[in-house]
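Given below, in the form of structure tokens, are the structures.
Paired with chain B in one complex and with chain C in the other, chain A is shared by the two complexes that follow.
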Partner chain A sequence: MLESYIRSYNDAVFETDKEAAMAVVNKALADGVTPENIVFRLIIPAIEMMMAIIEKDPDANLAQHFMTAQIAADVTEKMLEKFSQPPEVIGRIVIGAAHGDLHSLGKRIVSGCLKALMVEVIDLGVNVSAERFVDAAVSENAQVIAISAMMVHTATGENGSQRVRALLQERGLEQKIKLAVGGAPYRFDPELYRKVGADAWAADGVTAGKMIVNLIREVKNDTA
Partner chain B sequence: MKQPNVTSESKTEEFFKLTVKSPGQTLQIAANSTTSVRLALDTTSLRVRAACGGLGTCGACLIQLVCGDFNPPTVTERQRILPEDLASGMRLACQLRPRSNGELFLEYPAPHSEWKSLDASDLYEPSHHYPVDHHVYGVAVDLGTTQIRLSLWNRKTGRRIATRYGINPQIAYGADVLTRLDADRLGDFDKNTLTQLARKAIIDGLRDILCRDMGEVSPILNEIGKVLIVGNTAMLTLFCGENGDNLYQPENWQQSIHCQLTDVDSLKLAWRTPHANIAIAQPLAGFIGSDLLADLLATAITEQSEPIMLADFGTNTEIALWDGRTLWATSVPGGPAFEGIGLRNGMSGEAGAISKVIKVDGAWQYQTISNASPRGFCASGYVDAIAMLVNDQSLKASGRFAEPLSTSGFRLDADNAHTAIYGGDVDLFQRAKAATAAAMSQLLAMSGLSKNDLHKLWICGCFGQHLNLPNAIALGLLPDIITERIRVLPNASLAGCEKLLLNQDSENLVKAIYSRIHVINLSCVAEYEERFINNLLLKPMPIEEHD
Partner chain C sequence: MTPLEILAAAINGKPAPRIPIFCNLLDQGARELAMTSKDYFSNGALVAEAQLKMLKRYGHDNVWSLHYVGKEAELLGCREILFANDGAPNVADFVIKSLDDISRFEIPPDITQVPAWQSVASCLQILKSEIGNTHPICAYVTASTTLPVILMGMEKWMELFLLGPFELRDELLRKCADFFHQYISALRAAGANVLVYSSPFGSPYFLSPDKIKKMVLPWMKHDLEPGGVADVVYYCGMAPFNNVIDLVFDELHITKHYTSPLDDLTTAKRIINTRGLTCGVIDDIKMIHWTVEETRAEVKRIIDIGKPGGHFLFGNGVMPLAVPEANIRAMVDAAFEYGGLE
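The block that comes next holds the complex of A and B.
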């Protein structure tokens, strides 16, 4: 029975049809499938399938990224409310757009995927100062700070990632908190992430999900 | 260039086909019995010589009748043309109007120019004017990202002498406003180049009018008393030779920023307009230029009693909504998609751009601007093609092609690579239309209105010129209201600039807009993102809860 739900849910995600995806989930719930099974057997495999497809597709459609991530986040959120026990989370990150940057959609894809991957996401919004990133990461006990920058000057600006790196260094937090970056300028120059002091970057929102999960594991292994 | 079938209003008069031959060129034009052959030719690349602005006083626009029925010679023609020439079918193009299909021969066309005349029907018509006695000429300029439009006025008589539009040469530096400002940030050399390109283009367009419509240049330049320029913030910043840095400060987003010409004397010297007051109509806010202000003035939006939405499409699409009390305004990065640029075969609305696409009995048919051989698509061509692809289910609402595309893309004409559409083009289009549609729905939500309350939707900017409204609605680019409520006003920005140029109390006109306007920065509106994603599918705009 679950197999047919998986198939129709995958179809709905592939068509980026949120209503259809929701309908499949609601029918599965009504048929007695547990919210836990819906998340772990439907939603997570589907987002991983989309990641695999998008990674291989050179002409990957950004509009589809947005819609897929939103479906994953929305459905997951609805299911988490129904879990009999609080879900076990992999880790926690703070995310935001760099100082001076008002672009918010890039980080939205990352957030959507991470939520479906059981990572807690604290979204600090746009135009976030370096101090706020670090303070929030400390107070929220996050393993990763993720900074999105869509313009060259916000990616390389002295109040952006570079300043976050300096603060992490000053406060001796470099083992506990990793720095991830993403956004258009990093795609034009794949070495740029090093220049701004980041630990890793990803070319698109969906692969960023994987990269951040790896960083969280790294921190947990280092500090274990 | 005007499409007779875009709005129901313009379907008034029968159009005749005229073949015009000249030593280097033959073309077909459409004209009705109220359009002079000169005006019909002015929008093409084959123009007549002239030095009087179409009054018939210079006699320079001689053209030979070959066949067809035309109006009888006017008094002016009898005065200007030798009787034997008149008897042999020689006429003045500015006086000549067709009454049937026909053919003409133009032996001495005007030298080739990149500048063409605008259809003046939606430009400003002064009901009264304030005569100016000194330096009577005035120039209105709409400095657009891809096109520059301008008109020359005699402010003493309140008469428009001529109009011109041409491609903004800055386009070579990147179609996207931000790309261009990025170029601006590269250094003083590039910044200066961009500034000079815009300034030179404006004076080139003006000189084109003076050479052809007035027959003299320097004496008229000397008599120009005012030049008024509207444009988006980025263009005005570049025109002024300012640093674009202030545009990048988020705090400047919602407040007005001041564009100031720092070297007005050297500009007057370069333009040879010693008496011109060169003025910039100030932007409404960081990313809402005075081109939107001009649209709002041209349409007198705040004087309307019913809810009205106005959208000026471009690299930055500016949207305003009048709810009877408040004028809500915002702008979104339409992306270069609406300028036809950034897409693999995208181009602006120049000769050879595919501007209309239809499917007849399963076969693709398309129309290009100036009927030239296809070089690519302008935005309206993409709208049509994508709508047709969705309609026959070759393209899914998600933006994915039903069958994987080959590396040569989806071609309207299998033998022509310039007619290909790629997956990435669809993606770019989806995001541009979603940003626009989400902004429209956000403003509606903030004003407490629904799209059914909209009495009118005005589409400003050259984007609307060739747009097929039902297709735009089917893809969710425009709200699904009946097309009779939608009006296309390609020249609204220039019309508003003319209104400011000729009105004595222009300050009060501007104040009336400022006192009603409420600028929204969508980056600070959390629901906007949700709306953006909900509008990505290639289907009509989703129904909102309050609809």
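The block that comes next holds the complex of A and C.
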């Protein structure tokens, strides 16, 4: 069982100690755990456990979210090179910061967790127009558009999520592509996501992973 | 009593007719003067004019010399701000693009000679001469541990801060602290009498209290040492910080706390008690969609918690431009109504 590794790995992540977390992974590899099992039986369960902890712990902080995502994404990337065959991906999303918004950390944390959860992430960068979000989602065959906004006007502005929703509607894409949002303004007003036409939101980057995986599953079930 | 005297009374627990009432309006100034955000913020005299007009319009206690936070980046070489007519300006050019830039990055020997300072100076000059003896004139200073965010982006700074290289991180922090010392003393000299110390990295939302103690506190001490803290307000950019209020009292000796609406006000008030000033802050992002009645009810809730025992101020965060004017008025009026002490 990998439980003791998971525990010491998460302890290190929670202390935001990257070196200690990497040491746990290297020890597991040295003990003969395969790269596949490192990802599927250590990293992914560790993230899932972290989601549960963060959801319950009001004192979990941004540094921990950041490290959870950062370390998990790094380890996963390294392990993927060593996989005997390419892993099965859960789905694909496009992510970016809203039109007029230049904040990038939120999107990076969300992306890191998703990558480790075997979701393909196409990062469109910052200050992304609504048209670009939708065009990219269509051309990349993505199930979810994820938009990060750190300011009120970029969250609620007419060129942001609201416009993405309008475009999805106009083009008849609402069954195929779901819209997820997050960022500071949504945390201050948990009802805000509805007002901008999103399907879901998450209060932090780690639980965002779970929410987005659920949306991907929804789309896949609907369109199956 | 003047608003400045009312503020002093609240801080010192002396009798006053009412609690102090802060209404922080920044981007609304451009609307007040019917200008684009870019034109408005290019001239400090306009900012002062709008601040004074809005003070008359709503009747609250304070004005701001702050144009927007990105101004500090401009003082340090940022060449592009993304202005928006429906919201706040945003830093669009990072002075530090790669870690190599840190050693080349230099703090101007005298920031009051930098062109970007002139607009702040002319704004403060007007505010000081018009209402300097009667009203709180607020200025905003970013802590050395947070300033790098607008110089290199939150993503790169978080990485450098937590993962190193630590010599580079400390080199940048030293430079940011040098800037801080110059900036806060220039603001004071120009007439600011309430210095809002913005320290999000000193909030448990960012780091564990333990890490704050080890990694942030020494820099906060270093920031604040030269000028003292008599006029300083602790603020974490609206991030919660109840868990470090005691630490801030014990180690930094800051007694005024601008709390977060994401924190429990009853707890903050209990911790601060009569040792200092609890600032109860309304969640102004919710005000965008609230009715006037909902706004009033929330003001009442906050003042009911904070007012008993005194040592209390009511305020908002950074009023989003999307908040209807009726709600701003309702907020201030309700604060006067419920904030009376006689």
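Here, the second predicted complex is superposed on the first by the 218 of 224 C-alpha atoms of A that agree within 3 Å, B and C clash if a C-alpha of one lies under 4 Å from a C-alpha of the other, contacts with A are read in each partner's own complex, and residues count from 1 in each chain.
Just so it is clear, a residue touches a chain if its C-beta (ideal position, glycine included) is under 8 Å from a C-beta of that chain, and two chains touch if they have at least 3 such contacts.
Bear in mind the structure is a predicted one, so any value in this text is a computation, not a measurement.
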| task | Return fit or clash for chain B versus chain C, each positioned on chain A through the superposition. | result | clash
| task | Would you sort A:151 into first (chain B), second (chain C), both or neither based on which partner it touches? | result | both
| task | Examine A:52 and indicate which partner it touches, taking first as chain B and second as chain C; both and neither are also allowed. | result | neither
| request: Between chain B and chain C, point out the one touching more chain A residues. | output: C
| Who does A:89 touch here: chain B (first), chain C (second), both, or neither? | neither
| query | Is A:2 in contact with chain B, with chain C, with both, or with neither (first, second, both, neither)? | reply | neither
| task | Determine, under the contact definition given at the top, whether A:16 touches first (chain B), second (chain C), both, or neither. | result | both
| Should A:62 be classified as contacting the first partner (chain B), the second (chain C), both, or neither? | both
| said: Output check: A:105 vs chain B and chain C. Expected answer is one of first, second, both, neither. What do you get? | reply: both
| note | Residue overlap on chain A between the chain B interface and the chain C interface 16, 59, 61-64, 66-67, 70, 100, 102-105, 108, 127, 151-153
| message | Give the list of chain B residues in touch with chain A in this complex. | response | 178, 182, 185, 248-250, 253, 396-400, 405, 422-424, 426-427, 430-431, 434, 521, 523-524, 529-530, 532-533, 536-537
| query | Within the complex, which stretch of chain A touches chain C? | reply | 16, 18, 59, 61-64, 66-67, 70, 100-105, 108, 127, 151-154, 156-157, 185, 187-189, 191-192, 195
| request: Name, in rising order, each residue of chain C that touches chain A in their complex. | output: 82, 84, 86-88, 90-92, 153-155, 158-159, 162-163, 204-208, 211, 238, 243, 261-262, 283, 285-286, 288-289, 320-322
| request: Write out the stretch or stretches of chain A touching chain B in their complex. | output: 14-17, 59, 61-64, 66-67, 70, 100, 102-105, 108, 126-127, 151-153
